[in-house]
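The following pair of complexes shares a single chain, chain A, combined with chain B in the former and chain C in the latter.
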Partner chain A sequence: MALETVRQSDTCTVIKVVGRFDFSCHASFREAYTGAPSGSEFVVDMGEASYMDSAALGMLLLLREHVQQQGGRVSITNCRGQTYDVLQIANFHRLFKIAQ
Partner chain B sequence: MSTSGIEELEAIFEGAIEERSFERALALVMRELDSPRGLIGQLDEFGELMVMYEIVGGVARAPAELGLLGFEASEWQGAWGEALREQRVALNNRPQTAGPARFHCQRELAAPMRFNGATVGLLYVADSPREYTREAQHSIAVLARNLAAVLAYTLTQKRFQRQLSAAEEMATAAAEGERFFMMSRDPMVITDAGVRRANAAFTSLLGLLPQEVRGKSLADLTHPKDRDMLERELHQMRTEPNREHPPVAVEMLTKDGEHRRVEWVGAATEEGRIYAVGRDITALSWAMEDLAITNAELQRLHAEARAEEQLAGRLIAHVRKQGCLDSPGIQYVASPLGFFNGDATLAASTPDGELRWLLGDFTGHGLAAAIGTVPLAGAFHMCCRENVPFARMISVINDMLKGLLPPGLFCAAGFLSLSPASDELQVWNCGLPPILLRRCADTAVQGFQSQSLPLGLMASDELGIAPTRVSVQHGDDVFLFSDGLTEATNADGQLFGVDRVQGTLQQRHAPGEGFGALMRTLAEFRGGAQVKDDLSVVCVTIGQTRTSSRGAAAAARAEDRRTSQGSARSAESSQR
Partner chain C sequence: MAETDAKSVREALREYEASINAATSMIRGDLERARTMVRDATARLSRSFDALHNAAASQRAALQSVATAFYDSEGNGRSFASSTEALMRQFVDEVVRVSRDSVRIIDQLADLSQRVSGIVVSADAIDGLARETRFIAFNARIETHRAGDAGRTFKVVADEVKRLANASSTLSNQIRQNVSECNTQLAQVHKTSAGLASHDLSRAIESHRGLSGAIAKLDTVNQELDGMLETVSTSVSEAVRALQFEDMVTQILNATVQRVERLGEFSVRAVQIMERAPQGDRATPLTALVEEMRTLGDRVAVQQSTVDHGSVELF
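Take a look at the complex of A and B:
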């Protein structure tokens, strides 16, 4: 697993997940969003994620909570295959803006 | 021999002996006896002939080039062999028939070189164009006698030189050894019954002066508790001398009464003298003791943690075990009880005779995930006991978990409810893989997809909980499973997936047999791949279930009411 964080602008941060998105990403995922300016918009790019588990869902929820407190938004993009199924089963579209 | 020859020879050996004297003397002898080939050999201390000088056809060869070393007496052939064996001058004017290959010659003459009654070497000439005569024999005898004294002197000289340098070497080695002995920071000691010598490291280790150590036995310098052991080890060293023995660690006593732990390695000579080198391991043993204490502490803490874990495991197991999961018509696999895991498989009946199942899968691992199963099970059983309607029960559990779980933790779950008459099923899937209903009549498999967020994330009134109702018949099977089933992997890392589950269930089975078939397919798929512990599957076979006695009684009452109202519906199946 690897994470690439790109600050697109002062108010938008893209976190790109590469490989398996599971508990092993916990610390680095957290690092990727703490310290962003308040009111930021976050995009989690799943285009290169091969797998995600419920621990990853938990991490997304933590991100959401953090961003909501700061008055920002989270969207999840490029979901396909297993990652899309997992988000779908958990009905996470009720919490996040999810794009395939 | 001519007078001039003798004079010349004397001139050669006059004054200091120099290396080339022998070569020149040999040349003179060859000229005197008209021989193109000659040698001077010396006998070494083992009685073997070593060639010192050889001249063939006027060319002298240095001894190093000569290969004729180490011929034993029995191998000496011809005149020179006879001369050495019989201690007389030997003449041989016949061609040699045998002998060392490089000494084929027509005529030879050899004389032993004797000095003070001992043979020190051999003078040898060969291949004179004329036959060797008695005169020649006399001449070589004289020359050999003259050379013998010089050779004996030279040999003595050389032997002395050798001994001297060997002695010097030994002295140097001894001095160097002594230097190491005294310089060494490891204690060293040489001891018989008492200490003969000890180095500075030894005396300073014990805070004693050299004279205070001398003559004392090692045991005297050792702590009483270790004396017997040390004596035994020393005895062992003396019993098996000249080899190194395994190290022996003892407490030594310093002058001030302090203890120093020293590890000794030693060897004894045949005479029973022991040479030993020690190493002060006092600090090391303290460190080891500290480590042992720390280790014991860690083990104690670990045991405590284990005990607490087991207690918590038993508590959680107890909560999970309530209910009627082990009743007829229900088959399941669940993670082992007492092992922390975020999966919970629960079953209970309501007083009205309704049967309910819950499969919950908390995010996370270990105790953190397992802890959530306790309130989940508590709420589930309480709601069933209190006859809380199915959809209401789900709301209660969801709101309870929402208030309880920290952000990031949630519970994917599936709920089932079977009507007292076993003819209607209610399904609510919030975050699990599809709940599958296998129709006995045509083996068709119907899936109930997750229709909601997992439990604990959003307030129930926002979720709109409305379980799906579906009518069922005897022999239908309902499968409820966690993602541990669909995400089980084989050796190639492939996922088991929902399609394989459906495929297996669509095959021809008797009611209830799909569960076993599914488990077999899964085991086959996994092969040697490591089995994860988070697999939970529940299979309910409609028409084979039975409510608890209390629930059954209520169901019977309900049945009575229905019968009295003239209902045609039969509820027999609910209480087979």
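Take a look at the complex of A and C:
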């Protein structure tokens, strides 16, 4: 488990998940978005994530709530394998812009 | 001599007539048996094919009822498969909702923890004040010593100030202890919430995949079954149509019986001519008879009205 947060610009933050995306990422994940300027765009890059559980889904939902309050946008990219299946079974396609 | 010969000829002719009649009736009997055998065999085959057709139809109905129980193509949500899928979706939604709320509680715990840390800072500040107050009380006490008797009453005040400073320290220690207990409990809630938030969804994915696979498989089997039953149905119809050869065989056998009977009749008439007509008058009726016998070779039209329309001349 690891998170790499890259502030691409003042308005766009990329949160890159490496390895397991579960509760152990919670603190750093929250930190990654609470500090961002309001109206920011967030991209959660799942390219190097090997696994995600329901805690990760809960964190994504809270990120979405935060972003909606701030008037920003959030998308999830590079989903494949187990992470793609989890997002699909949870019907996250209705809530997020998801790219494979 | 000639009379004896004529008598022998008559006897021979009578025997010939009897033999012809016996042979004709034997052939008629054989043909009748053949006709019965063909009819029975056809009836039995027809019944077998009907039974086969019915068995295939009930097999199809049984399999279709199983398929319908699992998979409802109209998707009205009553079938086993769609209700299971809905239940699974509801379950996953619930798990995700609980996870989100648990993570939210943990976020709130973090904020709460920060505020609790603020209380410790305040307790430390109270400690600082108590230390300063104690120092002031200590200094006041020294001053009362110097003042001697005049400072005696002030010494009581200084002691009281020291007692209050110590009480403040005790209070701040109590606050710190309470905060520490509070932190222990917060950590416990944190741990419990983290457990509530974390669920592996692999099994749900596997189940969902299994269910989708089973539905797809049933769909394929259902389609294949439709094709197979169509084939069985076509084959049975084809066989039933082919069985109509019985009709043709019966027509041929009937024609043969007629022919054999006419052959017998002709023979009897020939014998009668030989027997009854005077010797010089036999040629004309015999020639007429032979002429009539030629019609035996006429073809017999066999009707094939059901197999395909029109008639086919087989003889």
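Please note the rule applied: the second predicted complex is superposed on the first by the 100 of 100 C-alpha atoms of A that agree within 3 Å, B and C clash if a C-alpha of one lies under 4 Å from a C-alpha of the other, contacts with A are read in each partner's own complex, and residues count from 1 in each chain.
In this text, a residue touches a chain if its C-beta (ideal position, glycine included) is under 8 Å from a C-beta of that chain, and two chains touch if they have at least 3 such contacts.
For clarity, every value in this text was computed on a predicted model and none was experimentally measured.
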| item | value |
| --- | --- |
| Side-by-side fit of chain B and chain C on chain A, or clash | clash |
| Touched partner set for A:Arg94, first chain B, second chain C, both or neither | first |
| Touching partner for A:Gln82 - first (chain B), second (chain C), both, neither | both |
| Partner chain(s) touched by A:Asp22 [first = chain B, second = chain C, both, neither] | second |
| First, second, both or neither for A:Arg30, with chain B first and chain C second | second |
| First, second, both or neither for A:Ala55, with chain B first and chain C second | both |
| First (chain B), second (chain C), both or neither touched by A:Val74 | neither |
| Chain A positions touched by chain B in one structure and by chain C in the second | 23, 53-55, 57-59, 61-62, 82, 89-91 |
| For the chain A and chain B complex, residues of the former touching the latter | 23, 53-55, 57-59, 61-62, 65, 82, 88-92, 94-95 |
| Sites on chain A touched by chain C in the complex | 22-23, 26-27, 30, 53-55, 57-59, 61-62, 82, 85-86, 89-91 |
| Complex contacts: residues of chain B adjacent to chain A | 361, 363-365, 407-410, 412, 430-433, 449-454, 457-458, 483, 487, 495 |
| For the chain C and chain A complex, residues of the former touching the latter | 89, 92-93, 95-96, 98-104, 106-107, 110, 194, 197-202, 204-205, 208 |
